[in-house]
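One structure is given below, encoded as structure tokens.
Per-chain numbering from 1; labels A, B, C, D, E and F assigned in written order.
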């Protein structure tokens, strides 16, 4: 089947920052994104786990967004200020999509 | 370590369509797949969230499948009719795997 | 924005092996990783699902780790003995990251 | 009339209704208050099990009368017929196209089990009993409406929408299986079985219902905030008129069957209520082109609150007037 | 004999058993009924806490007699010995290789806490009491079987399977820690502590058990549907014979210790039951090559239902006959 | 003095405290015992709803006296002032920089609702009642401390940390909305409403609290194991001294307002307690550079256990002495 080049941006970020990040992404013209749960992890600021937590203070989520390659730079520029001071990871990779008109 | 080229297909699809998609994938000779939860998201059909939902009508899942490159086209051809009318996203990317004989 | 090449290693592995894998990863100098839930899946050893399960015997998780490319081989070498006898999948793909100094 | 108002007023300040209101308000104020998906599902399993079990025990207590079978048939017939009424009304009142209209219609032929539960708890408060097998009627009314709606679509020449997988999914839908299963367990174990578990399924029931309605309020409020825009005045009006029409059908059926006051009231509540669990899932499979915002927001954000606050006391007052008269 | 049949029959139509049956049927009919993982875990935490606490309170009430230590030792010995018996039997009866046979054997040396709970609730129904410390015996029997099975494997020259991490995981397994912890809390706070929380841990207990067994039925049914094929006749038979053999060992131990009728029955139930939480997890770490479908399906899909329906009433009848005689 | 010791001792061997201890011990022993996130959240929703509702009903019963408004104002004032005291003390006692000190200070101005709940249940045990509106005071004290702490930072010229989104998030934080909402529902429905749901929100309350504290113990223990290293002696000491200082402020306010013994004790408990839900989340947004290990470990791992075990009986004894004297 015919596929089209696109970019996959995956941001692991604190749950409390989720809406701020997705607002920034919508600002950058992103047409869609999905939010995936993260159970726990470890980084420079130590290890954490979602188990038994009641508040949102310690959880993280992964926001995944498939976009057209030409929108990538705008997205990163708009999203960076949100993630800058916060713990987390931004990773961009190449991918192919069906139905290119959607992105 | 020696790694082998393969493809990673990630389909974000409505939970109600999960078994139909995985049936189609098995039909296409896929040897394995994993299903990941999706907490929420936004797209052309608006925003949604899994919180507090009781029914399966509104949830989505991500089906991830690592396959040998030569099986990709068959997979996409067989999976496309399932996802065609439904909301969701199909993304394919390159990856490297250990133990190539498994895929 | 400026991005830097890195590798994304995603290991789908049994929940009971999670801490053994992450110990091995830390051994290999990994600076961070995240653990994502997996709801179910299918493979050579049959289908499984997390629903209604009480024990950890049947669950799987996905450990995702972004690392600098030069650390990849060490990581795979150290992680392989852990996953070797166990069911699961290791996939490595290219990605770009912001803030390269973190990996 | 005065009686209805008193009933409605006392209904409105019950913890159950106010919990729902709290949920709606919190969602509209964009509070981050939320009930985890797993907890909401857990509560719905509890409610279905408890209501089914209690219905079964009551059947075991009073014995099966011939009306059980007739009531089941009446329920199935209502579930088949109401979508056709709803479809016609929607095409008249709203600008919805065939697909969206059929999807909405399916919801109104099927039932909302929480509306049913709120109805039984209102009956209890009024010291009335209903036939225990009304739970089985509720289960029987869940699915036929879906077939009706798909038939409406296929008449429009829009191809087959139903396959055997979907049929099985509809018939063995989790909430139907649990409701019917718990009902049968209740029938089999009777009062003795109930004695063993009543401090689990009777005593805390109202309280769990409060938290469940808090969650439904949150989901409904979120839906109204995000999807409220799709509800044009004609559709909105439908969301209030259709339950009243459904209730009339239910009234006719209940009186025709010779049910008790409580039974008639529940038959009205079932007919008046709109599904928000089983039917939406089936619609996503069979009619993916239909806009879920419309049917979800209408069912959960308009008709459910209407029934919960004003509808139920009204149906009870009418049922009382008719069965006594 | 008649007494056993009556007991078995009344056992079979209890809400608890029927809930399990409902789960199995729903899974076999491929219904989408399911209990969220978090809710299932929440219920198991509740059950472990409640059963442990009640056991501790009962020890606080009646005081510790010298039999406590002896019973613990007996339990540990049984847990070490039974896997060896099971292993031999499996090699005789089934075509399983050493690895699979050892993995299965570990399950039958260890215990199923839900079987234990169902046993205590059957005792309650029969108006009998058991020694409160049987909860501690249950906890003590969870782990030794794993060591036994790994020793069977290492004898075959198959290398070391155990390391200190695994040892710690086995000893501080969540269910052991919770059971023992709640037991100690019950001992420490006694009747006064129980009074504070009994409307939480006593009254709703049977009802929660119903929903938990509904879930276990769903999981067992799903297992049978997907993995039932691996169970050759010889293995299936083992799943019914081994509990009876285990029960005989338990009987001997219980009578030897001079336990009450209830205590003997629970000792039989523990010995007859097969683990499905702690041991499977340990096997995945230590014997990853063993096929989990075999041991999970056998333990949860065959032995558990057998004990629940026929085994427990049988063990009670035998315990009653022997201790009275 | 003797009375305090007796109270403290009987407090220490209650199931509630011992459940917390069990959780800490299990986490330190690296057991895999864990409570699913969804279950923990479900229990916290239950506790907030129940405590808010009961407070509201008690206000409906005894009527609103003028002290309600004054108590709310006093609570808000305390929440604004205590962070400034805490900040000063931290800068004196510990080597924390401005950011970390302000983040910690915010926690101590705000409140821990579980400490409040444990306090009410200790009052119940002692046969004392408190003003029902203390629940509303608790809710009012959650947020102001955050503003105070951010003001401390902005004074240091460190830029604006607050925007309207964050302000809304803080004010409509889920736990505040639920607590206040349930309080208002309780006020509106009164004793009649309580009668409908008391077997859900009153009877099992202590038991749910046990399991919730088990989970808090697990989380606290995990925190101590992983992050205990950041707690230098000066910080540790602060975690025990600050609650005592807070309690003195609370004592002054409670006595000044003329509250009952129970009311004074709860005012002390609120002032002495440190937030571990609302404030950490706000700090992650507003002060992401501050180290969460410090404030989480200090609040949950040091101050919470201190208040739970020694603080509460002490505050009760002092409140009793002062209000009676």
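Definition applied: contacts are C-beta pairs under 8 Å (C-beta built on N, C-alpha and C of every residue); 3 or more make two chains touch, one makes a residue touch a chain.
If you're wondering where the values come from, they're calculated on a predicted model, not measured in any experiment.
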Chains adjacent to chain C and to chain E under the stated definition are none
When A-F and D-F are ranked by contacting C-beta pairs, first place goes to D-F
So, in whole Å, the Cα centroid of chain A is separated from that of chain E by 45
Per the C-alpha means, the centres of chain D and chain E lie apart by a whole-Å value of 41
Chain-centre distance (mean CA atoms) for chain B and chain C, in whole Å, is 18
Cα centroid separation, chain B vs chain D, in Å, comes to 34
Touching at least 2 other chains, the residues of chain B are 36-37, 56, 93-94
Going by residue number, chain D touches two or more other chains at 32, 34-39, 41-42, 199, 203-204
Those chain pairs meeting the touch criterion are A-B, A-C, A-F, B-C, B-D, C-E, D-E, D-F, E-F
Given the complex, residues on chain F that touch chain A span 34-37, 40-41, 44, 165, 215-216, 218-219, 222, 226-227, 276-278, 280-281, 283-285, 288-289, 291-293, 296
Within their complex, chain B touches chain D through residues 14, 16-17, 19-20, 45-47, 49-59, 85-87
Per the touch rule above, chain A residues touching chain B in the complex are 1, 3, 6, 8, 22, 26, 31-37, 61, 66, 93-99, 102
The chain A residues in contact with chain C across the complex are 12, 36-44, 60, 62, 73, 76-77, 80, 83, 89-94
Contacts from chain F onto chain E in the complex sit at residues 13-15, 18-19, 22, 25-26, 29-39, 42, 125, 199, 203-208, 210-211, 214
